[in-house]
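Below you'll find the structure, written out as structure tokens, and then a few comments.
Labels for the chains are A, B and C, by order of writing; each one numbers its residues from 1.
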Amino acid sequence: MRGGLSKTLALVGAAGLLAVSACGNSDNNSGGSGSSANKDVTVFTWWADGGEKAGLDGLVSTFATDCKDYKFVNSAVAGGAGSNAKQVLANDLQAGKPPSTFQAHAGAELKDYINAGQVDDISQLYKDFGLDKAFPQNLIDNLTVDGKIYSIPANVHRANMVWANPTVLKKANIDGTKAPASVDAWIADLTKLKAAGVAAPLAISKGFAQEMLVEAVLLAELGPDKFKGLWDGKTDWAGGDVTAALNKYKTLLTFTNSDREAIDWPDALGYVNTGKAGYTLMGDWVAAQQVSDKIADTAYTYWPSPGTEGDFQFLSDSFTLPTNGADPDGAKCWLKTVGSAEGQKAFNTKKGSIPARSDANPADYPKYQQSAMADWKSKTIVPSCAHGAACTLGQNNDILSAMSQFSGSPDVAKLQAAFGTAMKTS
Amino acid sequence: MSADTAAAATGQAAAAIRRKPQKRGVIADGSTRRSRTVRYALLLLFLLFVLIPVYVVLITSFKTSADTTAASQWNLPKTWTLDPWRKAWDVLQPYMVRSLSLAIPAAIISSLIGSMNGFVLARWRFPGANIVFAFILFGMFIPYQAIMLPLRTTFTNLDVTRGVPTLILAHCIYGIPICTLIFRNYYATIVPNEIIESARVDGAGLVQTYLRIILPISISGFVVTLIWQFTSVWNDFLFALFLTQQNNGPVTLGLAALAGGQKVDYAASMAGALITSFPTLIVYILLGRWFIGGLMAGALKG
Amino acid sequence: MLLPTVLLLGYFVYGLIAWSFNTSLTDRHTARKGPASYVGFANYGHLFGEDRFLNSLKNLGVLTVAFIVGTLIFGLIWALLLEKGVPGESIFRSIYLFPMAISMIASGVVWGWLLNPSQGEDARGLNRLFEILHLHFLENPWWTAGSRWTTMASIALPAVWQLSGYIMALFLAGFRGIPPELREAARVDGASEFKLYRHVLFPQLSPIALSALIILGHMSLKLFDLIYAITGPNQFRTEVPAVYMWNTLLRSDMAKSAAIAIVLLAVVAVLVIPYIAYTVRQENEE
């Protein structure tokens, strides 16, 4: 019996292993085919709907003609200006499973990937594609780390924009075509609107939208130089001027909708369009959203957020070449399309952004972008933290957490301390 | 009675619930018609509480997007449309296929392993059996966060294809404890010792006993673990989030993407939530009798 | 025969936990490969000195209490209502139980919509329903404002909705498992209905209640999907360690993520290990 038992045990053990390996074996023949086998180019973005999706589609159609050997595979992750996507991407990169190419904001955010050794130096591609002269120097500076360039920018957006509904503003006799001169003047207008029966005159949404609003207030109150200093360590976060600005942000928040933590920016914009709110602050991708939602351009006005008339707070989407990516040749072809004049035109006319290249013809672009292109050349350029130009992914996550805490229970001292701590860590 | 006795219920649990109180007269006894009315009123009230979300999800899934405003949220659709369903289906269809091709094999394999383990643990009292049992049991409770990052690295190192295969492997492994537990209790309580003893006398070994005698009478145990595993694999989000991507992940990932966009289409999101839930609901409706048993048996898994 | 299982779980459960624990003791604060040095328990020290982590632990505590209490109350009430057998019992039972079959993501998508914080004229979701029913006093901002208790109770609400039916099924099985003779004997002794439950039936159910407590407790500690779907991943008010760990991964801080995960494991272990020990010992006695 004993011998029989141990023999059977061995047998059953083998059977168990078989069952287990049957589990594993199915890997090799079933499931998602590896992208290296055929010539798929997996492009990771957070452009999943609206004007952003339209822009991506434009880029894809140029890619289809330029890179006939390759097939575009969309790997977009929706939600919150890429906050979901960036987390998923971080996970994929950590797992050693990078897409062929991925979207990253130009600036500090790119450094996250560079420091982690997750993206390759593509300075050579700039020479190959003749891009070193095509982009303005200040943008190239933002992309360059230790003399190397790691991504190709597709566009430039302006963050410090307010979108207003003139019909609503008329209720309090406010001229919707002109921006209030300062944050204080804006607060005065908001007070008038509230008195005129608009319960929540300033529409705002969760997460990064609140971060953008606080940045716009800081920019207006501190001016562009001190504002830039906040992100590179030259301006003290503990300063009294920062406290004063954050207090104004706190006041602004009292004019906003109570469901701000539950909605995203298109809903906030919807509040303006439907007349529930007078203003919303959001980047100029709103222009494309309004077009795709078929909102008449007489129904809304826009201007730089109060007190930031002379500043162009920029952000730029760019594409990278991941280290050990699936199909580097296909990825390079994608990058070529992204940097090309046709690609930038196909993309930006639909996305509502302006081309990163300096040689674009404004006449090809809709009304809003024409004015933005002029501003890009004439205004003071400052970076956006919320959109990765000035802050790393980690800093942004900490700041967003503090913003959501502030939204629930506004405590200026806490918020100010949280900003300081966030910018001290990487 | 303890953790695994709650689980031991297995198939019997379903039967136990179904067993009506022995004496029909109990209700009349001491309770008046009024108290019976109160009881019914309460039951219906709670029924409403449970069904409220179902109502709003159902009606919303048939609405045009213009009709999903705050003011009309609880009204029936002004015009009924299937568009949200079409839209959600277009997005979710490939995810659904992957979820099916993932949940079915994962459920079968982990059930098989579980039944072999359970048989051995229930019938073979070797020294240290309790320790092995505790060792396996603990695997059921761990928060998967604690193993997720090394697991991801392990799978990358083993070069397991991302997507369905990775998830099958993960669910097979981490499904072993619960399946083992269910079967162990099943064999301990349901299969009479004499059957195994008589098999032993005939000279059949452990494997023979298992194949010839145990497997055929394990059907109801299998139904329980299969349902349980199918449901939990289908509903899993955490493994999917860490181990797969949009283009090779299961339906929970697809739904999160559908409903997580910046411009949320509420009607399509609700239709998507329903589509995602259909397979488990169908399993539940068709095999509800077993499902309750399965839930009881799976008592310990989250 | 058990060997493959023991080996598999040995590696994939215990081995990987050890791996995580090992990472948590290092200074691997980046995704970069390569050597890392040991820093002892410094990462844990940092965590427990951090507002954000302490907040997530407190949130978790409140969530767990709200979830367990809510689910046990509903589950027990439903079981009590059904326990004596009413016509249509199987319909009630099935409907109470069905939310259990739905994924937390699907239910989170739905509840996230129902728990919209707008009130009054603009009310959406449940608040809108209260508005229609003129139950204005019930309207509230759910998880977006107010105390930690209201916040986390709002998050617990969908979880209670999903799992009360399950607890009902457990208790129902418990009631049905009590020998009818016990009730008869109590009645013959002239015990009132209340006393019958209080002194005869409930004590019989306490082992089930204990199981339910452990099951719900460890589910609550691991809760991730629901919060992810309702509030999004980076929301201070509703962040729990499982969610915070996902956020920490954004900056590829492997050591900190691992430390959070190990703390979470420790909390679960404190709950579960005594229970497993108790279970195994009881079996030995039988």
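Everything that follows uses one rule, which is that a contact is a pair of C-beta atoms (placed from the backbone, for glycine too) under 8 Å apart; a residue touches a chain by one contact, two chains touch by 3 or more.
Each chain and its UniProt protein: A = Probable sugar-binding periplasmic protein; B = Carbohydrate ABC transporter membrane protein 2 (CUT1 family).
As the structure is a computational prediction, the values presented were derived from the model and not from experiment.
When chain centres are taken as C-alpha averages, the shortest distance to the whole-protein C-alpha average belongs to C.
Chain centres were defined as the mean of their Cα atoms; on that basis the chain farthest from chain A turns out to be B.
Rounded to whole angstrom units, the spacing between the C-alpha centres of chain A and chain B is 38. Centre-to-centre, using mean CA coordinates, chain B is 16 Å away from chain C. If you average the CA atoms of chain A and of chain C, the two centres end up 34 Å from each other. Among all residues of chain C, those that touch two or more other chains are 1, 4-5, 8, 112, 118, 122, 124, 232, 246, 254.
Residues of chain B found to touch two or more other chains are 113, 116, 149, 173, 206, 241, 260.
Contact of a single residue of chain A with at least two other chains is seen at positions 9, 12, 16, 19-20, 79-80, 84, 91, 94.
In the complex of the two chains, the chain B residues touching chain A come out as 101, 105, 109, 112-113, 116, 149, 152-153, 155-156, 160-166, 168-169, 172-173, 203, 205-208, 210, 241-243, 245-248, 257, 260-264. Of all residues in chain A, those touching chain B in their complex are 4-5, 7-9, 11-12, 15-16, 19-20, 22-24, 26-28, 30-32, 34, 42, 48-50, 73-81, 84, 88, 91-92, 94-97, 264-267.
Put simply, chain B touches chain C in their complex at residues 1-6, 9, 13, 16-24, 26-27, 29-31, 36, 39-40, 42-43, 46-47, 49-53, 56-57, 70-71, 73-74, 113, 116-117, 120-121, 130, 132-139, 141-151, 154, 173-174, 176-177, 180, 206, 231, 234-238, 241, 252, 255-256, 259-260, 266, 269-270, 272-273, 276-277, 280-281, 283-285, 288, 291-292, 295-296, 299-300, 302. The part of chain C that touches chain A in the complex is made up of residues 1, 3-5, 8, 30-33, 52, 112, 115-119, 122, 124, 141, 143-146, 151, 231-237, 239, 246-247, 249-254. For chain C in complex with chain B, the residues that touch the partner chain are 1-2, 4-6, 8-9, 12-13, 15-17, 19-20, 23, 74, 77-78, 81-86, 90, 92-107, 109-114, 118, 122-125, 128-129, 132, 161, 165-166, 169-170, 172-173, 176-177, 180, 183, 187, 193, 207-208, 210-211, 214-215, 218-219, 221-222, 224-225, 228-229, 232, 241-242, 245-246, 254, 257-258, 260-262, 264-265, 268, 272-273, 275-280, 282-284.
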